[in-house]
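After this come two complexes, each holding chain A, first together with chain B and then together with chain C.
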Partner chain A sequence: MKLTKTLLATTALTVAAGSAMAESHMASDMTLVSWGGAYQSSQQKAYVEPYQANNPGVNVVWDESSNEAVAKLRAMNEAGNITWDLVDVVASDAIRLCDEGLAMEIDPEADLAAAPDGTSAEDDFGDLLVSDCFIPQIVYSTTFGYRTDMVGDTPPTSVCAVFDTEAYPGKRALEKRPINNMEWALLCDGVAKEDVYDVLETPEGQDQALAKLDTIKDDVIWWSAGADTPQLLADGEVVMGSTYNGRLFSVIEEQDQPVAMLWDAQVFDLDGWIIPAGLSDERLARVKDFVKFATDTQRLADQAKYISYGPARQSSAPLVGQHAELGIDMAPHMPTDPNNATNTFLYNYEFWADYRDDIDAKFQAWLAQ
Partner chain B sequence: MSDLSVNKGQPNMSGFVVPVVGGLGLILGFLTGNVVGAPLVGLLLGAVIGAVLAVVLNRMVPNKAMGRWAVILGFAVIGFLFGGLGGAVGGALIGAIISWFAYWIGRGTYRKSVPIYYTRGQTLWWNSFLFVCGAIFVFLITPILVVLPLSFNAEDFFTFTPEMLRLDPEGYSLKHYRDFFQTDDWQLALKNSLVIAPIATIISVSLGTLAAIGLSQSHVPFRRPIMAILISPMIVPLIISATGMFFFYSTLGNFLEGSLGMSKSLVGYIKVILAHAVLGIPFVIITVTATLVGFDRSLTRAAANMGADPVTTFFRVQMPLILPGVISGGLFAFITSFDEVVVVLFVGSAAQKTLPWQMFIGLREQISPTILAVATILVVISIGLLATVELLRRRSERLRGMSPG
Partner chain C sequence: MADASVSEAKGGPMLAADGTPLKKSLSRALRRQKMRALALIAPLLVFVLLTFVLPIGDMLLRSIKNDIVAETLPATVVELADWDPEAEALPGDDVWMAFYVDMWFASERKEHTRLGTRLNYEQTGVSSLFRKTGRRVDRFDTDVYADQFVALDAAWENPATFASLLDSDAADALPVTADAWARWKDFNEEEGDKVLEEDVPDFLYTALYHDLSKAPQVSGPALSAAAAAVPGFETVSLPEQFEDADEDWMDPEVWKTIQLYSPRVTSGYFANAADMQLTPEGIQQRPENEQIYGTLFKRTLFMSLMITGSCILLAYPVAWLLANLPMRVANLLMILVLLPFWTSLLVRTSAWKVMLQQQGVINDVLVWLGLVADDARLTMINNQFGTIVAMTHILLPFMILPMYSVMQTIPPTYLRAAKSLGATNWTAFWRVYFPQSVPGIGAGSILVFILAIGYYITPEIVGGNTGTFISNRIAYHISSSLNWGLAAALGTILLVVVLVLYWAYDKIVGIDNVKLG
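Entry: the complex of A and B
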């Protein structure tokens, strides 16, 4: 009897202490979810380390699970056990999570910092706020890199070099999904750039793209993780391959490999934060405080010191400086630099939201043939 | 009879020795030629060199040691001229293989290990059997050995760079080991593994040993079904256990956090430790049950006869005798938890990430040789643990041999 009473009293005290803490404090632990690699370490250096300097005692744990963020958040939600505080996802995943109610809607005016000149966050991010839950961080592009020592005297200048196995013999690395590959295939099969998505809507157009891809199918190594193509290029196993431009920057400038960028027909995409729905008040308070800091103009510009992705705020662009370790100017390595952006695509969220399942099925069936 | 013994001493040179050694030369030449980029030239050249060596060594150099060293040295020099230090090592290796083979075939040594009455077919079969065994060993061990030098790579890729192949010190570095010991992510993972694995092991050993002793009593009802259930985590595909555990432990964790007010990180550790303990229990049960088979029941009866209660009997009589089984079960449980990636990915959150979790994530998102450095360290630890298991097994056999009855 006595033991039971003591136990109950202790439990009650602990609970009371816990709730008292919540009233006066924000949670001191945060689990951030990101992609690992150079990208995550740029976030660590540009956002987390300065934040921890201002807020000593805040403990940050990284989880490199952005790749399966949608599936994991669904499971966590079903189990009623959200262990993540802030999740880095691509824009299309953010749209899905927002639609399913797994991500929290944000108010740009209240939750995000205004630009130093007073421009509101909503105007500063502009069109990049593609979903009510999405807080954009960077503009990145998916583009090709090629081995400079394996292309002879005529380095490729057009994305169609990928489909030209006679001029550029050797294996190519392509992502194991239809997105981007279908667009490039149509573009190189004579479809005008502005008609690409109109053609891709029709079954005939989809077959046309697959037929074009079929001409190089024997020469393709399919990749699924961003680190694959850099490794294949470094090994000389492929002559060219698509991947994220920041990964290629790392291979070329930081690892000093004989690789060059082929910016032609690069596809822009956005990456940013979402806050999972269902956080406790103290955790939410901490996350909101962090996000406001981590997405302000200076922080986004700082990230470009470590990796060649363009900051999502217009006001950050003039602040982009030099690489933190190599001391080279970062502006010419940004996908948005005018010299690199002569021929670009913007990831078509509406189209792929509508057609992704169908085209995915067709693409996988074609792959298995 | 005399004809046979002559044959045994001197195998037929032109009809047997030259083609066989030439055949090996052909294979080695083809492999070397592939490295250089001229497989066909290598193939022809290898066959010719093999055949010539077979005749020269067996006919003109009766001193086996001298002949072999001459060939090894010669090949090493040729290799050095073509490919630097790495080429010299490769050349010496090929020289060692081909000269050993030439003498082995040419002197009939290959018949030494088989009875004299074996036919050609039987001799061939016996030697190919040995060869297949050797090949299996090579296939098992090579992937592990390849990892070791790559972990000293000076570049950030899983690639044998030209510098590495030339054995140039520039191509090697300890930076991936430094990375492992200096990165917070890896250190957190190491710390978590070192916290989770021992505690999970202690739980599995205690519960598993008790279960094994209970299940070895003949009067316990439903022994077989209980045994089957306890062993099931080892049999059920891990991904299925993991999915189930995810939902089960989420509810448990919510209760501990919400109703008992425990901290999030403590609850996370409890969940992973319990899940790993469940995975380790079958190993303990199996090893302890196996040890109990050799345990003499009359000893417990003797102890009871002299007034010892069951607990004293267990700790003073039974436990010391089954200790080797308990310890080797514990080591298996430890390795299970230390190597486990699926369940921890489901049940744990990032604050509990273990070494395998960090390696798995790293392999997918960032192919960095730091993973290989960690793998090398883990291989060394695993070899140490398995060596311990083997020593304990021998001790247990020795003890059993000495025990009465």
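Entry: the complex of A and C
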């Protein structure tokens, strides 16, 4: 009898304490989803810390799930319990989330800050607002890095060096998916830049791209995590490899490895925020306040102090300064810098939304052969 | 007891102490016991049911579920059922009309892009087709009909006219309009608007024109006047409107795909999972350059068997040592076995990368010893070999532990007895010791094989292109392509394969021969 009473009392206390905690928890917590690593810490330093200095009541919780954000948001939506407040995703995922009704549409005029000179947010972001739900933060590029000590006296200047195993023997690291690889293969197989997607639409064009990739299939190490190529380059496992430009920056400048950038035919892509659909009014108000602050001109420029990705606002570009620890100018390391951007590609969102499943099936079947 | 024997002596049924028949009393006692046992395991049962059986069942059902087409395009699906692609190149007016109304609601509710994504798995290009059309569908030139009806009689501008008309018997003559009106009312209710305060949307006028152009029997002055005027109306071609939005609507393949995936239950996912595809002519083999799942299933089975085999070979001597060495040494050895077990899976997999890569430890040593030339370093990772090595290492404890616990129960005296009766070392081991250790091998093999067949992190990291498993594709479809139906179909096939193998194992070896200790 006594035991039962004690047990009951304890349970009641726990439940009461638990729910009280959950409530106070809910009242000030904001869950941000990002990629982890250096990128997330740049967001923490550039947006979250200054925001919390002004709003000490808001507690930010990070969830490093951006990789599976689309799948997890869909699952949360089906379960009817959205636990995330703001999610960092690449533009193609933002488009899919918007298509699926999992992300909330935003109104750039009302929800985003205008530039300091009064330019509206819509004009400041310009073409980079690729979806009604997407709030861009950075422009990044997928490009190649190569070992300076493994290429002899003639360092590569063109992306086609990847397909030239005679001049540059050794393994190459490529991402284990068709996107970007198919385009580079066609470019180096004599297809003009403006025709690439017209060719890639046809089964013959897809075969052509795979045939070109087939010439180096035995020399490729396929990566699926962005950290793979930097590690493979640092170990000397590969002579060149594709990855995100910020990863290469950290290998070259922060870790001082004998690696150089091959900016040729870099593929621009965007990364930014989406607000999940179905947040309560209170949470929505809180997250909107944060996002307006975190994507203003100064905050986006500040982020470039910590990582070499270009700010998505035009008005932020002149404000990009020096690296917070290394003290070097960041502008020449931006993928958008004119010297780096002589030959670029913009990720074709519409094309890949349509052809992704089809070409991926062919690509994976080719890989498995 | 005495009472019972007394009543038996009297010839009646045996009674318990309280006078009830003994049989009844016993069964009541037993039932109570059973209920108590059930109550004890109830938390576990409910837990397993809620967190395991239900979600997995739900996931497996997705492999055949295909509600989305019928729910997003309810009217189109009905009309399209009668379309025969052989007879007419494109669907008729009824389908276009139904599709216009369906698309209008779908785009308002933002469901059209979802459907586009779903159908894009079956036909490339449908995704952007739906997205583009959704943007255009409320800006079709069908306001022509609205203008003409209103010009004819200003009452047509008033939603009340539609309400009084379509909520009465007259609706029977106007089936498409009545259906569209009912959905329009529901839609406003969902949005919290009053239907009588909203402007009449263009598609209702279009539907009205569509119904009236078939010259139905109508009554009432307004409707009769409209019916008389309709043949003289300026018309808008719906197919042309859709063609303006995207010319792919003129492609019969798109309509065939919609028709093919109209049913609420589809075998399409399973066909895809078996390298085949659903076509109007039946299920057909996919072209060779798109076949992948058969290869991957075979590879997964083959490699899982290889891993199980190498685990048996490596684990047997270790388990034997563990069981036969003096306690202190055996404990030390046991810690060595368990240590990697407690280390993170990712760390162990990455460690193998460092060991096996071309600039890695093993290659460096081989080059230093002069066994391989510097420019001909061995490729030991990012292929099948690397996957088998890494996974064998990771799964080894699952083989050693059951073997060890079985071997511990084999009395060493048996071996000595065999030898004293004249058996050689080999005979004593093979005829006496080994048969008794088989249950441990069985338990370990089942554990390792079933774990291996569903593994995906290690093959993803060290598998390259020849060492990946079917589970890597399942993970891809769950988290990247979002084709959960296909992932569920692949998962179901994998589950069935495992169950069949388990059944075969039971037939050949016998599941009673498995011991975990």
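Side notes on the structure shown:
Just so we're on the same page, the second predicted complex is superposed on the first by the 342 of 369 C-alpha atoms of A that agree within 3 Å, B and C clash if a C-alpha of one lies under 4 Å from a C-alpha of the other, contacts with A are read in each partner's own complex, and residues count from 1 in each chain.
Operating definition for what follows: contacts are C-beta pairs under 8 Å (C-beta built on N, C-alpha and C of every residue); 3 or more make two chains touch, one makes a residue touch a chain.
Please read these numbers as outputs of a predicted model, since none were measured by experiment.
Contacts of A:N67 after superposition on the shared chain: both chain B and chain C are touched. Using the contact criterion defined above for the overlaid structures, shared-chain residue A:T157 touches neither chain B nor chain C, since it reaches no partner.
In the superposition on chain A, contact of A:D235 is made with both chain B and chain C.
Once the two complexes are overlaid on the shared chain, A:W222 sits against chain C while remaining clear of chain B. In the superposed model, A:E100 lies in contact with chain C only, and not with chain B. Once the two complexes are laid over each other on the shared chain, residue contacts for A:N81 go to chain B alone; chain C is not touched.
Once the two complexes are overlaid on the shared chain, A:D357 sits against chain C while remaining clear of chain B.
Looking at the shared chain after the overlay, A:W366 reaches chain C, while chain B stays out of its contact range. The contact surfaces that chain B and chain C form on chain A in the two complexes overlap at residues 67, 235. Residues of chain B touching chain A in their complex: 155-159, 185, 188, 246-247, 250-251, 253-254, 260-261, 264-265, 268, 349-351, 353, 361-362, 364-367.
Put simply, chain C touches chain A in their complex at residues 110-111, 113-114, 116-117, 120-121, 124-128, 131, 289-292, 295-296, 299, 357-360, 382, 460, 464-466, 468, 473, 478-483. Residues of chain A touching chain B in their complex: 11, 14-15, 17-18, 29, 31, 33, 35-38, 61-65, 67, 75-76, 78-81, 83-84, 225-228, 230-231, 234-235, 255. By the touch criterion given at the top, residues 67-68, 70-71, 74, 96, 98-101, 171, 176, 207, 217, 221-222, 224, 235-237, 350, 353-358, 360-362, 364-369 of chain A touch chain C in their complex.
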